[in-house]
Amino acid sequence: MVFIKTSYFLNKALDNIRQNPFVNLIAIGVIAISFLIFSTFLMLFSNLNSLLALWEEEIQIELFLDDNLSGEKIDALQKKILSMANVKEIRYINKEEALSSFKKSIPGMDVLVKDLNNNPLPASFEIKLAESSKSFDMVKAAAKKLSTIDGVNDAVYGQEWVERFSTSLAIARLVGLIIGAFLLMATIFIVSNTIKLTVYTRKEELEITRLLGATDRFIRLPFFIEGILQGLAGSALSLAGLYLAYRIFIIKVSSSVQASLVTGTFQISFLSTPTITYVLFGGMALGLFGSFISLGRFLKV
Amino acid sequence: MVFIKTSYFLNKALDNIRQNPFVNLIAIGVIAISFLIFSTFLMLFSNLNSLLALWEEEIQIELFLDDNLSGEKIDALQKKILSMANVKEIRYINKEEALSSFKKSIPGMDVLVKDLNNNPLPASFEIKLAESSKSFDMVKAAAKKLSTIDGVNDAVYGQEWVERFSTSLAIARLVGLIIGAFLLMATIFIVSNTIKLTVYTRKEELEITRLLGATDRFIRLPFFIEGILQGLAGSALSLAGLYLAYRIFIIKVSSSVQASLVTGTFQISFLSTPTITYVLFGGMALGLFGSFISLGRFLKV
Amino acid sequence: MIEMYHVYMAYQRDANALEDINLKIEKGSFVLLTGPSGAGKSTLLKLITCQEKATKGQILVGGRNIVRIRHSSIPYLRRNTGIVFQDFKLLNKRTIIDNVSLPLEIIGKSRKEIKHKAWNVLKMVGLQHKIASYPLQLSGGEQQRVAIARALVNDPAILLADEPTGNLDKENSEYIMELLRRANTKGTTIMLATHDKNLIENYHYRVVGLEKGKIISNG
Amino acid sequence: MIEMYHVYMAYQRDANALEDINLKIEKGSFVLLTGPSGAGKSTLLKLITCQEKATKGQILVGGRNIVRIRHSSIPYLRRNTGIVFQDFKLLNKRTIIDNVSLPLEIIGKSRKEIKHKAWNVLKMVGLQHKIASYPLQLSGGEQQRVAIARALVNDPAILLADEPTGNLDKENSEYIMELLRRANTKGTTIMLATHDKNLIENYHYRVVGLEKGKIISNG
């Protein structure tokens, strides 16, 4: 067999693109838009995730302690709790601190407290759980377990809010994954079908080339390369568009609202470099896939 | 001029679809998927909105009253506040109710309260604002205004949570609108370009028909009808797909989590009938638009 | 019926496909247009139906100057003209009878009349048994006869036939020529481009000879 | 070179396009295939390149039975066969020279050799001044000559020419016949389908006559 250089097929693919500017522009445009939808979603989803993670940070369990525990006992308790698998952080709050923060928390409280002859507020631990243990069920279970520890009077964790919040998180993530999977499939569908149409416009050319003695490989290779190039161009365009939108729009909006969103600082970020790479490779793979499934039916002569 | 029946063009359009099953199936498929993305978004967005509205319900301002106000004074105050433009609901909580709910709210509190010789907690009003006044700024302003009323000691509204929550709402809605607009444009782009490709595959047919003496109108009308039919089929398919997904999937998921999401009952709902109508008409309009912009370049002979 | 005055046509800037064509085709006449490959025969026919625009000169068809005709008037010009294209230009997605029906559909004839006429003309060219076939299921000569049938179905005032017998055997050619002769007798003005020396010799029609875009014989 | 034994071919169940064809074409011979429109000439040629499959019978090409050839082997069969298609089958998006280069590209010749050979063969058919044009910018006869050039560029062992002179005037036809004769002299086996009585009379090649799918004369 005669050796045929790869550069020949690359040139052929570029020729094809040049010879069919109309269909190629449309294909690349449609691929770009599909990927723009998908990568916009990726960006929103990853930012939403970071934001939720920040908020999750703040879920904590308060552990009210029995009165009259000795300092050693408290130290031992603290060590014991911290050594539990899902506890990340623990902070001790003594009776005085509890009272003073209590005074601040409800207006008019100082009047009430003034009249007290002794401090009725218990000392407590503030406990932050590990990332992986922040679902409502796990917080609940952890609180229950903690409350049975000897020396612990009660465990409190803002039941209602935590429940609602962590459920929202779970839903948001689930919905996000479902939407992501759906968008991915939609992108694959749209891109591969668009490529199918572009191949279809060249049905005759394919048939003639085959009648002149071309092997399937000879016919396919330029189309595969063309598909890869279309996919690359489309996904690169989508990233460029998204980045532009991110610069001129999202940053502006976010800077005006982010301050109030979280206690810490939260910066809406662009897609990470690995994600960008995935998107580009995804574009190429999809272009290749699109050409691949399109060509079969036209190589029957 | 000879009279040509509309039914002729409808038949012609149906013939065209039958004669080009491959490109038509692809076009309808792509339109369906694009619309599926868009109408999925519509459904999520409208449900999110309902959910947020439910949550918003719960934002309220607590107004602590001076001690020793007379019953008439309190009645007068209540009427006055209720008559304010943005107040929707008001509930009076007397000192005893305040104390008993206080006892329940923090464990170990009964110990503290037991020692009291008089009830130090103030009476209060719980105020719900009108729908339109629930942005953080408006709640803040309302609280400030309410706190200056004679007989009112302090106004409290869970500053931090309300702020974060209402900002989230605003962002969610803004992002939703932006995404919606973007998806709409993307759908228009994808659909019209797909139709362009299908028209392109019939370039020759168009040219020949024109060479045989057909007017532009004669050539265009079947394409317009075909575009409308494609758009209708595509959007109807997307709605059917969405409804199916809604039945077998979303309802299942939601029933397992919705209970915990809100205090009241919240049911994920399908698109409203007007929205369904809009989507179908949108499909037809878009199909027409797609054919319209595609045909120009092929009628030059 | 067709008059040309100093007509020039150039596809590219430097090369004239037609040069200084002066031609008068009387109503009801039958003219053969001959010349070697690339002489400009097809180009000349294309000018008459506004498929191409003359670079210079005036062209009258049925008394009307078509050089600066509006885009929207072109269809009405073409409806009076039957064209047999050199490359047939059949619609591959339509059956033979639908192809032949098209010119009648375009002018809005009734369904019944269309069917009747299309069938008749297909029978005339000997293809009544192929009406439900598609163009790509026909032999070259059969396709050519479909193209002829489509051009005739409309009883056009002018018939422009570009090499209509190139894919036909002698018997079929003679038969097609007889069909054209009959149409001509009924009043159709015919211009037929051909290289077929037999046609030129056997039929004593007026012959216009083209070479390199110029008329070299006319009579 | 080409042998057919009891070959039947039916596009539709009921109608045979070819019936009981028995034919032996010697290596290096020049055979004219004639018959009226729709006789089955093109179909016969299509069988030889596996464009269509015979319904029954055996076909040997170069000693190899191609009736049950694998899909992946067909290209190699076609590389030894030059085909002039009745409808040309040029690639409209490629220039003339690129069209003619295609068979050489397919077998992986070097760029230089391709250019050289394509240019030579286009010069032979008198189109060296059109190499940069696209097929739709050529006259019918010019397109036909491009199709002939493409079939010859590869010095094929077999040349199947389907009505290669239908759009050509007498001079060009004779010239093309001379080209084919020369190819034949250099060893190419040629089958040429035609209705052109002049060809049959002027050249004393073997003539195979088809009618309604059957061989009615052979010699």
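Order of writing sets the labels: A, B, C and D. Residues in every chain begin at 1.
Criterion: contacts are C-beta pairs under 8 Å (C-beta built on N, C-alpha and C of every residue); 3 or more make two chains touch, one makes a residue touch a chain.
Computed from a predicted structure; not experimentally measured.
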item: Chains touching both subunit C and subunit D, listed by label; value: none
item: Interface ranked first by C-beta contact pairs; value: A-B
item: Centroid comparison with subunit C (C-alpha atoms), farthest chain; value: A
item: Rounded Å distance between subunit B and subunit D, as computed from the means of their C-alpha atoms; value: 66
item: Distance from the mean Cα position of subunit B to that of subunit A, given in whole angstrom; value: 22
item: Distance from the mean Cα position of subunit C to that of subunit B, given in whole angstrom; value: 62
item: Multi-partner residues of subunit B (each touching 2 or more other chains); value: none
item: Touching two or more other chains - residues of subunit C; value: none
item: Topology of the chain contact graph, where touching chains are joined (line, ring, star, complete, other); value: ring
item: Set of all touching chain pairs, with the criterion as stated earlier; value: A-B, A-D, B-C, C-D
item: Contact footprint of subunit D on subunit A as seen in their complex; value: 1-4, 8, 19-20, 205, 208-216, 218, 301
item: Residue ranges of subunit C in contact with subunit D within the complex; value: 11, 34-39, 41-43, 86-87, 137-142, 144-145, 162-163, 166-172, 195, 197-198
item: In the complex, subunit D residues that touch subunit A; value: 49, 51, 72, 75-79, 81, 83, 85, 89-91, 93-94, 102-103, 105-109, 150
item: Contacting residues of subunit B [partner subunit A, same complex]; value: 22-23, 26, 29-30, 33-34, 36-37, 40, 44, 64, 106-108, 111-112, 115-118, 120-122, 136, 153-154, 156, 163-164, 167-168, 170-171, 174-175, 178-179, 182-183, 186, 189-190, 193-194, 196-198, 200-201, 249, 253, 257, 260-262
